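Think of it as A, B, C, D and E in the order they're written, each chain with its own count starting at 1.
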Amino acid sequence: MAHFADTPLAETRAAYLALVRQRRLYGGLMLAIFLLLLAAGFGIANDRNAGGFLPGLPHIFDFPADVVAEAWQKRANLPGHLRDALPALIETINIAALATLSGAAGAIVLSLLSTAGLAPWPRLIPLFRRMMDLMRAVPELVIALVLIFVLGGGPVPAAIAIGFHTVGALGKLFSEVNENADTKPLEGLASAGATWSQRMMLGLLPQVAPNWFSYALLRFEINIRASAILGFVGAGGIGYELRNAISFGQGRFDEAAAVFILLFLTIVLFDQLSSVLRHRLTHGARKETRP
Amino acid sequence: MLEVKGLTKRFGANVAVDAVSLSVDRPCMIGVIGRSGAGKSTLLRMMNRLTEASGGEILFDGRDVLSLTGREKRGWQSDCAMIFQQFNLVPRMDVVSNVLHGTLGRRSTLATMFSLYPEEDIHTAIDILDRLGIAQHAAKRAEALSGGQQQRVAIARALMQDPKVILADEPIASLDPMNAQTVMEALRRIHDEDGRMVIANLHTLDTARRYCDRILGMRDGRIVFDGTPEQLTTGVARDIYGAGTDFSEAATSTEIRDTAPVAAVERRLAKVTV
Amino acid sequence: MLEVKGLTKRFGANVAVDAVSLSVDRPCMIGVIGRSGAGKSTLLRMMNRLTEASGGEILFDGRDVLSLTGREKRGWQSDCAMIFQQFNLVPRMDVVSNVLHGTLGRRSTLATMFSLYPEEDIHTAIDILDRLGIAQHAAKRAEALSGGQQQRVAIARALMQDPKVILADEPIASLDPMNAQTVMEALRRIHDEDGRMVIANLHTLDTARRYCDRILGMRDGRIVFDGTPEQLTTGVARDIYGAGTDFSEAATSTEIRDTAPVAAVERRLAKVTV
Amino acid sequence: MTLASAGMPAPDMHAAARRLIARKRVVAIALPLLLLAYLVYVFFAFDIPGLAQRARWDNARILVSDSYSYKTHVERNNRTGAFTVAVEGERKGTYDDTNLPGWVALGDGRADVTLDDGGRIEIDGDTVRYDVPGFGLIEARQTQAEGVTTNLDAGTLPDWISYSDTRLMVTTPEARLTLTRARTEVFVYAFGWELFFFTLDSPYHGESLRNILFGPQIDPARGNIAGAWQDFWGNSIWRHGDTAWALFETVLMAFLGTFGAAVVALPLAFLAARNFAPLIAIRLAARRLFDFLRGVDGLIWTILLSRAFGPGPMTGALAILFTDTGSFGKLFSEALENVDGRQIEGLASTGARPVQRYRFGVIPQLVPVLLSQVLYFLESNTRSATIIGAITGGGIGLLLTQAMITQKDWEEVSYYIILIVLLVMAMDSLSGWLRRKLIRGD
Amino acid sequence: QEITEFRLGILGGENAQDRVASNQCFAEKIAEALGVEVKIFTPADYNGVMQGLLGGTIDAAWMGASGYAGTYLADPEAVEPVLVKQNLDGSIGYYSIGIARKDSGVTSLDDMEGKVFGFGDPNSTSGYLIPSIEISNGGYSMQPGEYFGDVVFTGGHEQTIVAVGNGDVDAGVTWADGLGAWEDGYNSGALRKAVDAGLVDMNDMVQIWQSNIIPEGPFVIRKALPQDVKDSVTELTGNLWEEDPDCAYGVAAGEAKDFIPVEHDTYASIVAARQAVSN
C-alpha cells in the first residue's frame, strides 16, 4: 500500500521532522525564558527586600513562635479575647454578605444587559461589557481608601468597595452562564406575550439560578477574605482588630492569637461550607435533569 | 378574518419569505408544507411577531398586526398562541406553572414573580391539562415528561392563552409516531370543538393530508400551492419539494425507520412475491 | 507458545474470570466472544498485567508472565501490546508522538521526558502509520482524527512496541461499520504479514467468524467454546450468549439499523413465504 | 368535553394544583422578604442613616479637584517678613525670585497676586487685601498684640469665610487665603499636574517637546534627549523612576507568587489527588496542608513573614506564594482527580514507567486546566499584590496608601490610582491573551 | 565581621516617596562612610520597622519612643538608642495633644462621657501609649464603654486629625511640639502639617487635653552590627546638623537644633509604661 506514496511519504517525514525540531526549539526556548524570568525575578525581589531569602529562612518561625508562646502563657485570656473579637467578626461577615448580595444584584442586571440574545438593547452590549471590565480592574483597596476619606472609617466603605468589584467579577461569570442558557423557553414565553422581565424571571432564572448561586457563594468566600484585608487598612471588622493587636506586638500577642484563630476558623468554615453547597448545587441539579 | 398581503422577510441578501399573500375567511385547520428552508417557520414567527417582517402586512379581524407595539403587541401575541418543535417550555418548572405562563400577557410582572395567579386560572389550567389527558402530571417538572407529553403541555399553554389562532411550527417533528398522532389529534380536536384557527407547519405530506382542511405548499419563500388535501397529488408534491421522479413519499414519512435495510428487505420481499 | 492455566480473577465475591485454561502453539488470530460481563476484558487485562490475577498462571515461551515485576514486567508489557475500545490515546498530542509512546518501555526516562526520541524511531513510526494508511495525518493531534483513524493510531502504537502478541479489547465497538472494517482488516493484515499473535475481544459473531482463525466463547468467566469459525453455529452462539430460541444474530450485528422496522418487514416476508 | 382520564376526580386535582402554586408563592415571597429583613438589619448595624450625615462631600470635592489641579503657595512668614512661592508648598517646588510665575509679583515687603477671575490679593506687610469679584474688598491685618482684625462684620460672614481673632480664612474657587499671626498664605489653584515632567531646577522646565527633541542643546553638559529623560525619570517631586520600580515590584510579587506557587503546588497536588496519592494518610495530610495555607490568608502570611524577611517585594511574593500554593493545590488535585484514566492505562499497557505515565498520560491533560487557572490567578494576584504591598512595604500599593494617609498629595494619589487600574487591566488582557494563545494554539 | 549592605528604615508622617527623598542624602553619606550600599525601606507602619529591627533585616531607624520600648521588650539585645533630636529650644521632648471640634461642644475630657475617643497607631507614644496612661490616671477609664462610649485606633496621627475633623471620633490625640500658636497648629508636629495641607482649620478645633513632656524617639542601631559600623554611623549622624543642615532638615522632618547622644535610661519610663498597657 505504500508503493504509490513514496514521494508524499518522504515529504510527510521531512515535514514532521521539521515540525519536531521547531517544536523542540520553541519549547526549549519558552522553558528557558520562563526559568530565566523566574530566576531573575527572584534575584531582583531578593535584592530589593530588606532581608534575604536564605538568611531569613531559618527564622521563618520566629514570629509565630513568639505569638504562640505568649498566647500559651496567657491562655486563660483566650476565651475572653475570642468573645471580644466576635462582634468584629460578625461585622466582617456582614460586609462580605452585603457586598456579595448587592454585587450579585448588580451583576445580574449587567450580565443580562450584556448577554447577546437576552439584552433588551443589543447595541449597548459592548458598553456594559467594558463597564464590567472596569469594575473588575479597580482594586477594592483603592475604592475603599477613597471612600474612607469621604465617608469615614467603618464597614460601609468596605462593603461598597467590595460590592463594586463583585459586580464586575460576578457579572463576567454570570454572562458566561447566561450565554449557555437555552433560549427556547424564553421564546416560548415571548410567544405568549410575556414582557422582558417576565421572560427573564420565569424563563431564564430557573435555568441559571443554580450556577449563579454557586458562583455567588464562591465570591462570598473570597469577599470574606477581602473584607478582612480591608479592615487592615482601616475599614473596620476583624482585620482592624487583628492589625491593632498584631502591631502592638509583644504584650498583646494573646489577643492577636485569638483574632488569628477566629479569622482562620471563619475562612476555613466558609470555604468548606461553600464548597459543600456548591458541590451539592451543581451535582444535585445535574441529577434532577435526568430523573 | 386573516388577511396576509405581500408579507416579506429578508435576512441580508437572502429572501426567506417572499411576498406571501393569503386570505382565510373562517377558522380552519391549515397545514403548511415545504422543504427545509422554504420559509415556513419564518412565516409563522412573523405572524406571532417573534420575527419582525421586512415588508407587507397582516390583518386579523381588521387589526393591523405588524404595526402593534408594546402592550398591544403582547396582547396580539396572547391572542395568537405558538407551539414549537422543541416545545420551548421552561423545563425546570412544573407543568401547571408552564401552562399558567399562557396568562402572562394579561398579568403584571410583579404578580407573576410571586406566582400570584388567580384561583380560577389554576382551575382552568388543570381542566385544560385534563382535556389533553395529562392532568395527572400537573405537579411534575416539565423536563420529567416524555416528548409527546411535553408537546401537549405546550398545547395546554397555548389554550390557556385562549387564543383566536394557534400557530404550530412542526409540532410533531421531534416526536415518535405514537406521540405524533396524539398531538395531531389534540390539535384537530381543539379546532373541531373550540373552532379556533390552527396553522401548522408540517414536514410530512401524509399528516397534512390526514388532519388539515387546507394545505399551503411553500417553496423558496413563496406559496406555490394552496388547496384541499385531495388536490395535493404526488405530482404537486414533487413540485413543492422540487424533487425529481425518484421522489418517494416514504422518504418523508413520519415513521421512523432506516430506509436502507428496509429497502433491502423490501427487495427480498419483491423477489419472493414475483 | 502461550499457555494459560487455571487463570482466575475475583473481584470481591464476584468471580470475573474462573479458572481459564488455554493453549496456543503458533501465532494465530483469536477472537474472544461472550456477552457483557463474561470476563473478556478482564482476561486480556490480566495477560497485559494491567489487572493482577487472583490465581493461575500464564506462560509465554516458557516465561512465567504473572510473576514478573518491575523492569521485567514492563518488558513483557512492551512485548504484549494492548488496543482498547476507547483507543486510550493522548488526545492533545500529535499522532506520531502517540505512536512513539510505544517505545517508552525501551527508552530512558530522562530522554522521553523532553520528548527526545531518536530519529530512526520517528521514521519507523511514520512508516507504520503509512502502512496503516494514515501517514498524512502524522502531524495532527490525535483528537482531530475520526474514531477509525484513532484506532489505527492505537494499532500503530502497538506495532511500534514491536510486540509478540497484540491484545485488542473490543477494538471496533465504538466505531461505525465502515471504520470497523478498516480496523479489523488492519489487524488481520498485521497478523498475516508479520505473523504476530492477535487476541481480540469482539462482541459480534460475524466479525469473529470473518477475521479469526480460532474463536473462544466465554460465559460467566469460563471458556465454554473453543473452536474454528465453522464450528460456531447459531446453537453454540445461543449457548454462549445464554439466549433462548428467540435469539437472532441480527441483534448483535455491526450493521447499524433499527431492528423494529426490519422485524416488521421480516414478518411480512415470513407471511409471504408461508 | 373531558377526556375521561383515570386517576383523581377534577376537584381534587384543582385543590392539589392550588396547593402547589400556593407553596411556590410562599417561597417566592419568603425569599425576598428574608433578604429584605437582612438588609434592614445591616442598614441599622452599619448605621447607614448616620453615615449620610457623616459623609464629607467637601472632602470628595477636594480629592476630585486636587486630582486635576495643583496649587501654588505664596507665603509670607509674619515673623521674618520673608516670602516664598512654591508649588504645593514643597521645598523642591520653590520658585526663586528670577523665575516667578506671571500672576505673582513680589516687591519689597509686598506680594501682588492676580487671579484668573479678576480677583486680586495684596499682601502688604502685616496687612492683606483680597478683592473678591462680586463681593467686595476684604481687608485684614495681624499684629502680635491684637491678633487678627478685619473690616468684615463678624456677624454676617458668608460660609466661605472663617474668622476668629487669631485666624482668618477665605476660600474661593480660585484661591484660599489664610492669615494668622505667624503667616499669611495664599493658595492659588490651577489646572493640571504642575512639574509632572520637570521640576523647577531642571533646565528643561517650561520647554516644549519640540524644543527638547529638535531644538538647540539646552543644557551644555548633556544631550537634550538624554538629559530630559534623566530629569524626567529622576523628577524629585513625582519620582517617576521610583514609581515605575514600584509598579514593577507589584507585578514581580504577583508573578513570583503565582508561578512559584504553581511550581510548588504541582507535585504536592499529586499527593492530594485521590487517584494518585500513595497513602490515604498522605492524601489527607496534603489536603489539610492546602486548607491551612489557604485559610491563613495572604494578609496573615505577610505579617508572619515580615519578621524573617523584613519589608520588601520578596516578602510579599512569598505571602502570595504560600496562599496560592493552598489554592492551586486544591484546584490541581481536583483537576487530577478528573483526569481521564484511559490515557494513562494506554501508556501503562506499553510498559511505560510511572514517571513517563505522568508525563504523557497526565500532564497533557492537566496543562490547559492548569495554565488557565494560573493565568487567571496572575491577574487577580496583581490586585492582591497592591494590597499586600501596602502592608508589607513594597510596590505601588505602599505608595498609594501612604499618599492617601498623608491626605494632601491627591494628585499623586490620582496618578497612582490611574497607574494601578491600567496595570491591572493590562495584566488582565495579557493573561487573557496568553490563555488563548497557549491553550487554543499550542 | 563584615557587612555587605546597610539598611535604613524610615517612618513618619510623610508619604513613602517623600520619606525616601528626604533621606536620600543621609543614605549617601552613610554609604560613603561605610563603603557599602545603603538601602532605604519605608514600611507601612511602626510595626514594620520594629519587625525589621527585631528580625535583623533593618540596621538602623528613627523610632518613636514607644516603638523603641516595644522593640526593647521583645528583645533587649536587638537595638540600642544612640541619638535623639534636640529641639530649637534645647528640649528633647514634645507633647500629646487632645483635640476636638469646636462645634461639638466638647471642651475638656469631662464632656467626653459616652463619646468616641480616637488613638492613632498602637505603637505611637503620643498617639496612644502616653495618653492612654495619663488619661486613665486622670480618672477617665480607657476601657471602651466604661467612660468613653468607644475607644478606637484610627491608624496614625494624620488619620486621627481627619477623623476628628470629620466627626468620626469626637476627640483624638496627636502630637505637637507645644511651641508657637494654636491657630497655626503649633510650630511643628502632625497638627501643623495638617493645617499646612489645608486639612483642618484650627478655628474649628479646640484643645481638650495635653500630656506631660514625652521624650523624642531615638535613632537606634542594631546591636549585632560591628562596633566600627555603629560608631561611624553614629558619628556621622551626630554631626549632620553641623555639616549639612539641609540634609539634617530632611532627616529630622523639620527644624531642630541638633542630634545629641541618648541612652536607654531616657526611655526607662516609657518601657515601664508600655509594659503596663500590655494586657
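As a convention for this text, contacts are C-beta pairs under 8 Å (C-beta built on N, C-alpha and C of every residue); 3 or more make two chains touch, one makes a residue touch a chain.
Quantities reported herein were computed from a predicted structural model and do not represent experimental measurements.
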Exercise for the section: Average the C-alpha coordinates of each chain, average all protein C-alpha coordinates together, and give the chain whose average is closest to the overall one. Expected result: A
Exercise for the section: Tell me, please, which chain's centre (mean of its C-alpha atoms) is farthest from the centre of chain C? Expected result: E
Handout entry: Whole-Å gap separating chain A and chain C, where each centre is the average of the chain's CA atoms
Key = 48
Exercise for the section: Determine the centre-to-centre distance between chain C and chain D, using the mean Cα coordinates as centres, and give it in whole Å. Expected result: 63
Exercise for the section: Would you mind pulling out the distance in Å between where the CA atoms of chain B average out and where those of chain E do? Expected result: 83
Fill in the blank from the handout: Chain-centre distance (mean CA atoms) for chain B and chain D, in whole Å, is 59
Fill in the blank from the handout: Flagged in chain A as touching 2+ other chains are 48-51, 56, 59, 62-63, 149, 152, 154, 233, 246
Completion exercise
Touching at least 2 other chains, the residues of chain E are 7, 9, 41, 51-52, 55, 57-58, 155, 159, 162, 166-168
Handout entry: Touching residues (chain side chain C, partner chain D) in the complex
Key = 48, 50, 73-78, 81-82, 84, 86-93, 101-102, 104-105, 109, 112-113, 154, 157, 161
Handout entry: Residues of chain D touching chain C in the complex
Key = 342-343, 345-353, 355-356, 359-361, 364-365, 367-368, 442
Fill in the blank from the handout: Contacts from chain E onto chain D in the complex sit at residues 7, 9, 13-17, 20-21, 41-44, 48, 51-52, 54-55, 57-58, 155-156, 158-159, 162, 166-168, 180-184, 194, 196-199, 201-204
Completion exercise
As the complex stands, chain C meets chain A at residues 96, 114-116, 119, 122-123, 126-127, 130-131, 133, 135-136, 138-139
Problem - Residue numbers on chain A that touch chain C, as the complex places them - result: 1-2, 5, 8-9, 12-13, 15-17, 19-20, 24
